[in-house]
Amino acid sequence: MTVLTDDTLPATPRAVRDEMIVFAVMALLLAAVPFSGLYPFFVMQALCFALLACAFNLLIGYGGLLSFGHAMFLGTAGYCSAHALKVWALPPELGILVGIAGAFVLSIVTGYISIRRQGIYFSMITLALSQLLYFIYLQAPFTHGEDGIQGIPQGHMFGVFDLSKPTVLYYVVLVGFLAGFLLIYRIINSPFGEVLKSIRENEQRAISLGYRTDQYKFLAFVLSGTLAGFAGALKVFVAQNASLTDVHWSMSGEVVLMTLVGGLGTIFGPVVGAFAIIAMQQYLAGFGQWVTVIQGSIFVICVLTFRRGVVGEIAHYFRRSL
Amino acid sequence: MADEFILETEGLTKEFAGFFAVRDVTLKVRRGSIHALIGPNGAGKTTCFNLLTKFLKPSAGKILYKGQDITAMAPADVARMGLVRSFQISAVFPHMTALENVRVALQRQQGSSFDFWRSKSVLNRFNERARELLNDVGLSEFANTPAVEMPYGRKRALEIATTLALDPEMMLLDEPMAGMGHEDIDKIAALIKRISAKYTILMVEHNLSVVANLSDIITVLTRGQVLAQGHYSELTKDERVKEAYLGAGHG
Amino acid sequence: QDKTIKVGVLTDNSGLYADLGGPGSTLAAQMAIEDSGLAAKGWKVDLISADHQNKPDIGTAIARQWIDVEKIDVFMDVLNSGVALAVNNVVREKNAILIDTGAATSDLTNAQCSPNTIHWVYDTYMLANSTGQALVKAGGDTWYFLTADYAFGHALERDTAAVVVKSGGKVIGSVKHPLNTADFSSFLLQAQASKAKIIGMANAGGDTTNTIKQAAEFGIVAGGQKLAGLLLFITDVHALGLKVAQGLNFTETFYWDLNDGTRAFSKRFSERMKNKAMPSMVQAGVYSGLIHYFKTLEALGGNPHDGAKVVAKMKEMPTDDPLFGQGTIRADGRKLHPAYLFEVKKPEESKGPWDYYKLIGTTPADQAFRPLSDSACPLVKK
Amino acid sequence: MAETATAEAPPKPAAGGNILQVRNLEAWYGESHILHGINFDVNAGEVVTLLGRNGAGKTTTLKSIMGIIGKRTGSVKFNNEDIIRATSDKIARMGIAFCPEERGIFSSLDVRENLLLPPVVRAGGLPLEQIFDLFPNLKERLNSQGTKLSGGEQQMLAIARILRTGASFLMLDEPTEGLAPVIIQQIGHTIARLKKEGFTILLVEQNFRFASTVADRYYVVEHGKIIDGFANADLAANMDKLHTYLGV
Amino acid sequence: MQALYAQLLVGLINGSFYALLSLGLAVIFGMLNIINFAHGALYMMGAFVAYFLLNNDYLSIGYWPALIVAPIVVGIFGMILERTMLQWLTGLDHLYGLLLTFGIALIVQGVFQNYFGSSGLPYAIPDQLKGGMNLGFMFLPVYRGWVVVFSLIVCIATWFLIEKTRLGAYLRAATENPTLVRAFGINVPRMITLTYGLGVGLAALAGVLSAPINQVRPLMGADLIIVVFAVVVIGGMGSIMGSIITGFALGVIEGLTKYFYPEASNTVVFVLMVLVLLVKPTGLTGRAA
């Protein structure tokens, strides 16, 4: 697969400083949401997808691996958490852990199967695996088929934070998102991230330097899948249901869209993209039958005019990496 | 004697659907020498390299490196044993700076490559060594230039620096001078000469003056087989070599 | 007293079911508001609509926002069972009102019933009951099911099979097909080989229409077997054309050509539709449900913005409107009205566009739906 | 060096029909301005060589003539027709053929298909037998995938395939790169033969020794300009200058 | 046992749709390097054009001419798309083409849905192909027989055109390096446009063929696309023969699944894909990605 982000700039101290500033601004803006009159529920939802997109971006933007099945981690973690909360009546923090663990196990299995395929074949095998999983979830009784697991209790986080209060829930989700985001940022800028980048740039060369590249890609896959699972677990508290839509291929497609719209291989792009797409779904919902047409037109315009994505274009304009 | 020869092959053969690209090649590379592999186009030189570094699986034959049989190893593991190659078409990490290119190689030996929870600033401890290496190949001024933006000849030099960073025992260089201007050729040749003090080098090269000046011993390959072996001066007198490789009017 | 009302039509505007609800549901709501004459009496009624894209999480997101930000009082339509169940939870939690006219799942008034929800038009239990009973009675005593492989299909098959057996018929087989199958010939061949008299289609939408179309191609009906649609709408018949659809049996609770009341409404409705379509029962339900809701508020003398309270009052008051006639709402939130078994006319019997059905049987309101004695709804005191 | 760079008028070509005339050719890769006004001529039946250091703009010059650089200005006259605005397929059909530096062998085609790919634009191309005489390797490997050939074999294939087309004006970009001496000699003979048969050849070479065996005239490119030009006969007299230009 | 024969035959019939659709997709991928997510929408357009040609007061020219006219009309539409949008994507990663065509699919489907509703329009089997034959083990509608035969012919003709003619070599070469092929004197942009038209035309043809069998609905292609895409991958991206064979084979395998484990019949293609890719990393006949 060709390198998608052909104008990635090497990270310099200046870039790191830029990123820190943008991160601080983002965190502050998000923290101010409950006071802004903006509807926090919408923001929470967007945060979950933003985390998912960031996790996905870790794999494609920095590992060069395009997964077409990332919804499977989102959905699996969602079902696991939902089941743990509703049926086992676990407290929220354990519910989240169960979800993450589910995604972790799944990413090990699917990663093991798929990681050796190249390019589009890798994408397709992840798609196929996620479709198999969809089938399993459709058949398995505990998911309640297309009705989904509904009315999941929100409970008290660590026994203290009452998650049924929107503001409390909002901050819990925000903290979760920021933690996930920082972890991803750290992974990208870690010794491991450096190797990953070199593999994406020129895998043959990395091998000849003695790197067992499959192992690095595998680790990246597992990290990405597990973090996507974290997003799925958080989402359960926000939506209070877990349904098949989260495992459907069109969800995997949506993640790709979010990342592309925001800017592939940029650190903040997926966040912007997730907010853009979720906002679009929310605000276009009132446009009646024209929703799909408008949505389609936006994609077309995106691809034809600002292909680097929102953040990518901005970064390119200022010659910064964001 | 494993000591004398760092790399040996026995009856190395590679067949592509009925076509023998390499056939029954027995090669011994003496430790500390510059050994050149020459031959007409399509003789199987690159294929040989690919076999030695495990990028291809041999159809038959055996490869011994430092006395150990590496015939069935994975490419990354061979590299880890200190047998490192460069590519016929220049291979760098294009969107990383020269410094980062070298650092990736240095990092591999230090075992922190899987640390995804640490800041990459831990890699800064390699910077000094990386700069040294860049300096060795004359790239100090390019340290912070992304590799894509470097001129062709400099990329080759960078590749060599990256290879050196692994502190290999033996380097395989595939046409290190291809596509270079005269200036660069001289620089790289000098560089190879210099590093050969420490490493064993097996190289493929078509530039005869380079081969003549650098190599201690030359193996001539044609049609996948060893045609002759010897010093440059001997080979230029060999009629078969003239016919197959050097061409009339040479020597 | 507060005299403002906000109505939200949450439906599928762009997907598979857009013909069934979609813009038509919004139009029906609009007409209900106009016909109620509330404006003249000093009420202010606002209407908004949105597309849930058949995704439960989008549905819940919109529902929350509507209640929290837009202050919506009542949700109409909400077709698609998955979305309906999700919205049902939100509405209950936030004490709004859901008058569901589109979802099929009978769970809305059974295990998942809620003091804030009324299920208006139809449900799987009723469909199974009416169609199953009537067909067995008419001699269709051996059944083979083509079932969509998801909870809704399973429920439909299970309920129908129970009715068939209870009525003295026999189920001799079934095959489960995945949702959104394009080709049914394999399944139809199996159904054909079973020699069952009735092939029950426990599926919906495109799956049903494709089944019907391909059944005609394979000569199933010509070979003497009968197709029974367990969930089929007039929009589907329109899409198939009478040539293919003729002879089908199925149940609806509304048809535009039932009586003068339905004809008058439908004529007005169709004139305002872009493609001049007649109303589906889902759309008719939106009108009927809203009319009753408005009457209740008038009776209360103002809008208390208290979902449970209004719904309780709605259950007290008998319903009466030109589309569904007189009826009642049960404690579990089930709206009761008769169910009609129709047969699709032959092309030569049809007098014009949308003249599709012959009424061949009516199940009275008190027998059409699941008896309270079988109900798992906690609101039902036993 | 700077003084010579200002030379406005290109060195006068020898007598014989002027087939290619390049004036003030400028070209850009995206934002970067690479050619800053190239001026030179090629006469029918000549072999002209462009020399210059890495990155001087030789390849870019050829590509601009071929019409495959997006942004280019100035004038390029081929047989007195200005082709600066023409698309590359039109240019090719006027009888110019180009053998790129990176060879451009197609991996989805086998060797035979690669060889037969360029359409014949006019009569007078070399017949296949002659091509196989020149490059026997190719004949042996006709059915393998194009990019499975060794580096040098790919180079041969790249040259071979444009000889078939009947284009009489050939542009070869570093045809000897990566070739064994014996093959380089063969290519030298080929060029000589082509010349005899009336082909005109514009050559880009790093291998100066090789160029000197085939070229009639030289131009030196530096920083996107032609800074000097002389005939093969004057080579000895210009050797010193050349050393400075090329850093040999 | 008899029932099994019937399932095999029915599977083969379905396979011919997969083959036709994946053939077009493979042609477009192989030649333009674009994963044409609009394929399903264009297939749907083919069926709709057939519908207009049948049920229009002015143009009621019926099924047979539609077999030619619909692919041409949709093909021209495709060529306009290519000219105005897709051509700007040459040289970019697959992802962009995929996204763009996905957007186009949404637009096309949305517009059709607005004008024709979601439940679709009736289309009857042409009179000449009505009825069926009793094969002993099953009742075979004449129309289905026609579909198999006709698709096979179209598939083979396309394969021949692409793999065995000069045109095909130009196309394959142009996929890899359009600039160079153009510099050989071939008008690559025009060729690419025509090829896209061809691929799209094949989709439309499948649409016409399916109109009498499947309901003519705006979303009829939306779910198909992913299966068809899977077929192309299993066959080996860009391989024409691979797609044809896999298309027919998938039909048969699906038919068997419908018999033994019907619930999984939509999923079996993905099981197949995982298995094939595990054994052969680039599909049955594919070259490296």
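In order of appearance the chains are A, B, C, D and E, and numbering begins at 1 in each one.
Everything that follows uses one rule, which is that a contact is a pair of C-beta atoms (placed from the backbone, for glycine too) under 8 Å apart; a residue touches a chain by one contact, two chains touch by 3 or more.
Everything quoted here is computed from the prediction, not taken from an experiment.
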| item | value |
| --- | --- |
| Any chain in contact with subunit C as well as subunit D | E |
| For subunit C and subunit E, chains touching each | A |
| Far-end chain from subunit A, centres as C-alpha averages | D |
| Chain centre separation in whole Å, for subunit E relative to subunit A (CA means) | 32 |
| Mean-CA-position distance for subunit B and subunit A (Å) | 42 |
| Chain centre separation in whole Å, for subunit E relative to subunit B (CA means) | 49 |
| Rounded Å distance, subunit A centre to subunit D centre (Cα mean) | 51 |
| Junction residues of subunit A, two or more chains touched | 139, 289, 291-292 |
| For subunit D, residues that touch 2 or more chains besides their own | none |
| Two or more partner chains touched - positions in subunit E | 110, 113, 263-264, 266-267 |
| Complete list of chain pairs which touch one another | A-B, A-C, A-E, B-D, C-E, D-E |
| Subunit E residues touching subunit A - in the complex, by the definition given at the top | 35, 85, 88-89, 92-96, 99-100, 102-111, 113-114, 226, 229-230, 233, 237, 263-264, 266-267, 270-271, 273-274, 277-278, 281-283, 286, 288-289 |
| Subunit C partner contacts - residues on subunit A that touch it in the complex | 39, 41-42, 45, 138-139, 144-148, 150-151, 235, 239-241, 243-246, 281-282, 284-289, 291-292 |
| Parts of subunit B lying in touch with subunit D, wherever the complex brings them together | 16, 19, 38-47, 88, 151-153, 175, 178-184, 206, 208, 243-250 |
| Subunit A partner contacts - residues on subunit B that touch it in the complex | 53, 55, 74-77, 79-80, 84-87, 91-97, 100-101, 103-105, 107-108, 112-120, 122-123, 144, 146, 162-163, 166 |
| Subunit D contact footprint on subunit E (complex, rising order) | 166, 169-170, 172-173, 175-177, 179-188, 238, 287 |
